[in-house]
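Given below, in the form of structure tokens, are the structures.
Across the two complexes that follow, chain A remains constant while its partner is chain B and subsequently chain C.
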Partner chain A sequence: MWFTCEKELLENAINTVQRATSNKTTYQILEGILIKAIDNKVVLTATDLDLGIETYIKANVNKNGAIVVNSKLFGEFIRKLPNDIIMIEVKDNNVFIKCNKSEFVIVGNNPDEFPSLPSINENTMYEISQDLLRNMIRQTIFAIAQDETRPILTGILFEIKDGMLNFVALDGYRLALKSESIESSQNISAVIPGKTLSEISKILEPSDDIVKITFTPNHILFTFENTKIISRLLDGEFINYRQIVPDEYKLRVKVSKNELLDSIERASLLAREGKTNLIKFEISDDKMVITSNSQIGKVYEEIEIELEGEGIKIAFNSKYFVDVLRIIDSEEIYLEFSTSVSPCVVKKCDSNNYIYLVLPVRL
Partner chain B sequence: MTIGDAKKLCPNLIFIKPHFKEYMKYSIKVMDILKSFSPDVEIFSIDEAWVDVTGCERLFGSGVEIADKIRYRIRKELNITASVGVSYCKLMAKMASDLKKPDATSVINREDVPKIVWPLPAEDLIGVGRKMKVKLNEMGIFTIGDIANTPLKVLEQRFGKMGRYLWHFSNGIDNSKVSSAEDKAKGIGNSITTPRDVKTYGEAGEVLMALCESVGKRLRDNGLEGNVIEIMIRTKEFISFVRQRKIYNYTDTAFEIHNEAVKLLRENWNEDIPLRLLGVRVTGLRPSEGFKQMSFFEEEKRIKNERIERCMDIIREKYGYNSVYRASLMVNEVKSLINIVSDDEWKPMNPFNKGGGNL
Partner chain C sequence: MWFTCEKELLENAINTVQRATSNKTTYQILEGILIKAIDNKVVLTATDLDLGIETYIKANVNKNGAIVVNSKLFGEFIRKLPNDIIMIEVKDNNVFIKCNKSEFVIVGNNPDEFPSLPSINENTMYEISQDLLRNMIRQTIFAIAQDETRPILTGILFEIKDGMLNFVALDGYRLALKSESIESSQNISAVIPGKTLSEISKILEPSDDIVKITFTPNHILFTFENTKIISRLLDGEFINYRQIVPDEYKLRVKVSKNELLDSIERASLLAREGKTNLIKFEISDDKMVITSNSQIGKVYEEIEIELEGEGIKIAFNSKYFVDVLRIIDSEEIYLEFSTSVSPCVVKKCDSNNYIYLVLPVRL
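Right after this comes the complex of A and B.
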């Protein structure tokens, strides 16, 4: 193998595929990146067997071939090189990297030992913009379960139903549901691992460029620009989330998102000190009082609201509110309550494409 | 020797139930005697403690004299015997106390370590368990002296941190202090050696429930809740291990502790290996806040169980611990264990074992 390419291109490609290399593995080969030079292209591949990323760059290939290099070492060296043309050559498993007056030799691994990514028939395709996919991930992923008690909840439900694309995440204590219309007559439901989506969202750009999505029974494939991302799907049935979302409420509060966020963030400073994150809401007529007590002090916050219905006293884990208020894209929001032991539903005032539901704390 | 083995050898052997409450009573009395000699008393187990008598010589005499006085008082006041080790550090004091039993004072001076300690078999050194013994023997190390004379580097390479400890210990180097300050409880736990081998998940689950009930009650009594659940098991072959997991929400109920403990057990144990000992411990403690994050799952079950446990607490306070127990524990003999459970604090013998003791 022998090729030359631009440093910046190679660096970006490494950054992209590196997200799939495994850090903790018993298979040493998986700590590597497979580099393949074919004609005028160089293809980089990395996988941890759950997630696989493949991307290609344009290059001047003098001799076709392939090698596996340690991802961390290779990546760091390329990153530290000046912005210039890089030459990479493989001789008897030794990888020679030259740029200006720098030369670096590392031992490579046999490319035949590198696991190939599952081949996927790119038939059924859904298309959405990078920006939209990025937002759908961002507005739901924070609500996935952090522990493995119910493995299915460590993923996000990808559901296409009746022309709507729904992303659903829930961890047992709260639920985030983001919907967008999509042009598709086919219904589908699959659960994508949180890690996969988290890595994808870091690769996606806030642009209108298209991402193509393909499913097999066990895998999902995302294709955009020069990059392919393949991920295993999670086994099992997702929780029937529609059952959890209440369609009625006893009182509804209209409040400015930023005011609420600022107040809760101040209140949670103390709640955090006490390691409890407990904040209390007292809603009456035209105001909402937020308080928090801990051994080191007290906070009292008052916000103007518009209230429909009777008042309520209810308590929450402040983190669950801060999480959603930071990402919800609406100036004004509705908070819907029924009782002090039933969920609060957060909605946008200007759109119904986002629902967040959080369970209170029993006092 | 296990009870089963003993019965095989001696079919007519008569077994007598232990009296943990009595043991505890005597233990406290012994510790009180020790505390009358020095304020620095570190209680290591029900029948072991360290006393730092530095600076007490003018009051009570030399270390040996104090040791003899302690033995005399324990024998005279409580009519039991004790062996006392006198040395310059905790480790060697413990080794000395094991030299001569049941009623003697033994001394190990710093310069006597090679003469007295080194000829002892390696497994007499604290930190050398059955597995470690085998590994050391494979390396041609049979006595404590062999360990001491093996280059530190070799031991470190082979055993890591543990190797470093062993080398220091075998050379009589132990700089730890006798700490009388009651450790702020890092965890609350109970363990039990079962009268018969435990061979099924069902049985193990019941034993765990008995343990969890006790742990839950003690958490509530102390106004604590924790978010790390730990189990300990020991097989018939005396291989023991500890597994733990952090849970998302803090808990103080037997129900939730048991849920997690059973999961840990199922992930780490197969029914074909008979068990001798089971333990449950809760760590990551904080003062109980009195409120609970609600969940989409099993919320009603959880609330019901909290009520049941609170109710059982009140009944037990009024009528005694054994006045009420779960129906699931009635079927087998597990209920007879509850008694023991309530007294037998989980104190791992080996201070290197994760979760207990310090040296």
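Right after this comes the complex of A and C.
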């Protein structure tokens, strides 16, 4: 193998595929990046066996070939080189990297030992913009389950139904549902691991460029620009989330998102000290009072609201409110309540493409 | 106690004194900030018994008084308030904090239990600009000893001699000496704890405003703007550093600081893998070759230099070079050598106010 390429292109490609490199593995080859030079392209691949990322860059290939190099060391060295042309050559399993007057030699690994990514027939493709996919991930992923008690809840439901794409995450205490219209005559339902979506959202740009999505029974493939990301899907049935979201309410509060967030953040300073994260809402007429108590003190916060319906007293884990208020992209929001033991639903005032549901704490 | 003040002023004052708050203490009162309202001022004080910081802000004081509040909780709450007027009132050891429609109550501690800072007679004052003091700290502090085997080396020597102010740090492997002229007819020598100077450098601004410095046999006092910082000094004699710095050399290399830093950083990637941090210099005629080796590979770097004298082969711990090259503020530097077992001296080409000395590794 022997090729030259631009440092910046190579660095970006390494940054992309490194997101799939395994950090805690006993299988040493997974700490590496597979580099393949074919004709006028260099293809980089990394995988931890659950998630695989492949990307290519333009290069001047003098001799086709392949090698596996340690991802961390190779990445750090390339990053520290000046922005110039890099030459990479493999002789007897030694990888020579040259740039200006710098020369780096590392021992490579046999490319035949590198696991190949599952091959996926790219028949049915769904299309969505990078920016939209990023937002759908960001607005739901925080609500996935953090423990593995029910593995299916560590993923996000990807559902296409009746021309809508729905992302759903829930952990038993709250649920986040983000919807966008999509062009598709087919319905589909699959659960994508949270880790996969978290890494993808770091690679996606806030741009209108298209991501193509394909499924097999066990895998999902994302294709955009020069990059392919393949992940296994989670086994099992997702919870029937439609049964959980209430379709009516007894009272509805309209409130400024930022004022509510600031007040809850201050109240949660003490709630945190008490280790319960407990905050109480007292809603009546034109104001909402938020309080929290602990051994060392108490907080009282008052916010102006618009109320439809009767008042209510209800308590929550403050973290579940802070999480959603930090990511919701709307100036004003609705809070919908029924009783002090039934869930609160958070919606945007200016759009119905986002629903967040949170269970109260019984006092 | 009862006063009102601007949120921003109070927040800045908290940020300043918090640098002396003790984090790992069994003496609970040291986790607090002493707040004293006197006439039209509010004075905040924190100390960990080694380091004490006191600062004051303007305030409308309705009732003089004092209280101790938990530093972390108080600081976080004030920080999260809007930029507005804050009212603070103490009733029966409860501290009431009000701002707009937010109200926070925390239990305070008895101010009489808070240790008072040593009182210092501000007779002889040395003056230096904030920016200069910041730089003198930054360019020496990285060379202090990290372990407590010889406690005196965990401090920086503050020496005034013959109209020069010298800061000296050394750890047995390298030495950093920064000098500036100062107006003083007296000579002085004291060793200031590294931790004190590290916290001070985070409070100082890059401005021409003056810092006044006073000594007692056991303490040092820094005064600037509304702030006083008092620290104990380290006991014992500092090493006679003048004996260590060689006053001649056999060969001298002129080199671009950034090129040398980049090359050494790349070489140290492998040096680090080998866990020795070992890099080798081979200096001859108009070039300097830097190499490093480990089981998994090797790096070869070549840099253009101007050489006075004969060539040399010499080896170093790369970390000791990276540290100084990251902070030295000069485009071009001199490296002065005598033999492969005697120290290398690093100097700036455009000034003689900085000397760094590093011991080689014997091969």
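Just so we're on the same page, the second predicted complex is superposed on the first by the 363 of 363 C-alpha atoms of A that agree within 3 Å, B and C clash if a C-alpha of one lies under 4 Å from a C-alpha of the other, contacts with A are read in each partner's own complex, and residues count from 1 in each chain.
Basically, contacts are C-beta pairs under 8 Å (C-beta built on N, C-alpha and C of every residue); 3 or more make two chains touch, one makes a residue touch a chain.
Given the structure is predicted, the values throughout are model-derived calculations rather than measurements.
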Touched partner set for A:Asp147, first chain B, second chain C, both or neither: first
Partner chain(s) touched by A:Asn317 [first = chain B, second = chain C, both, neither]: first
Contacts of A:Pro82 with chain B and chain C, given as first, second, both or neither: second
Touched partner set for A:Tyr126, first chain B, second chain C, both or neither: neither
Partner chain(s) touched by A:Ile244 [first = chain B, second = chain C, both, neither]: first
Chain B or chain C, by number of chain A residues touched: C
Which of chain B and chain C A:Gly297 touches, first, second, both or neither: second
Complex interface listing, chain B residues touching chain A: 246-248, 286, 289-297, 303
Footprint of chain A on chain C - complex, ascending: 70, 73, 76-77, 80-82, 94-95, 101-107, 262-263, 265-266, 269-270, 273, 296-303
In the complex, chain A residues that touch chain B: 146-147, 149-150, 170-173, 175, 239, 244, 275-276, 278, 315, 317, 341, 359-363
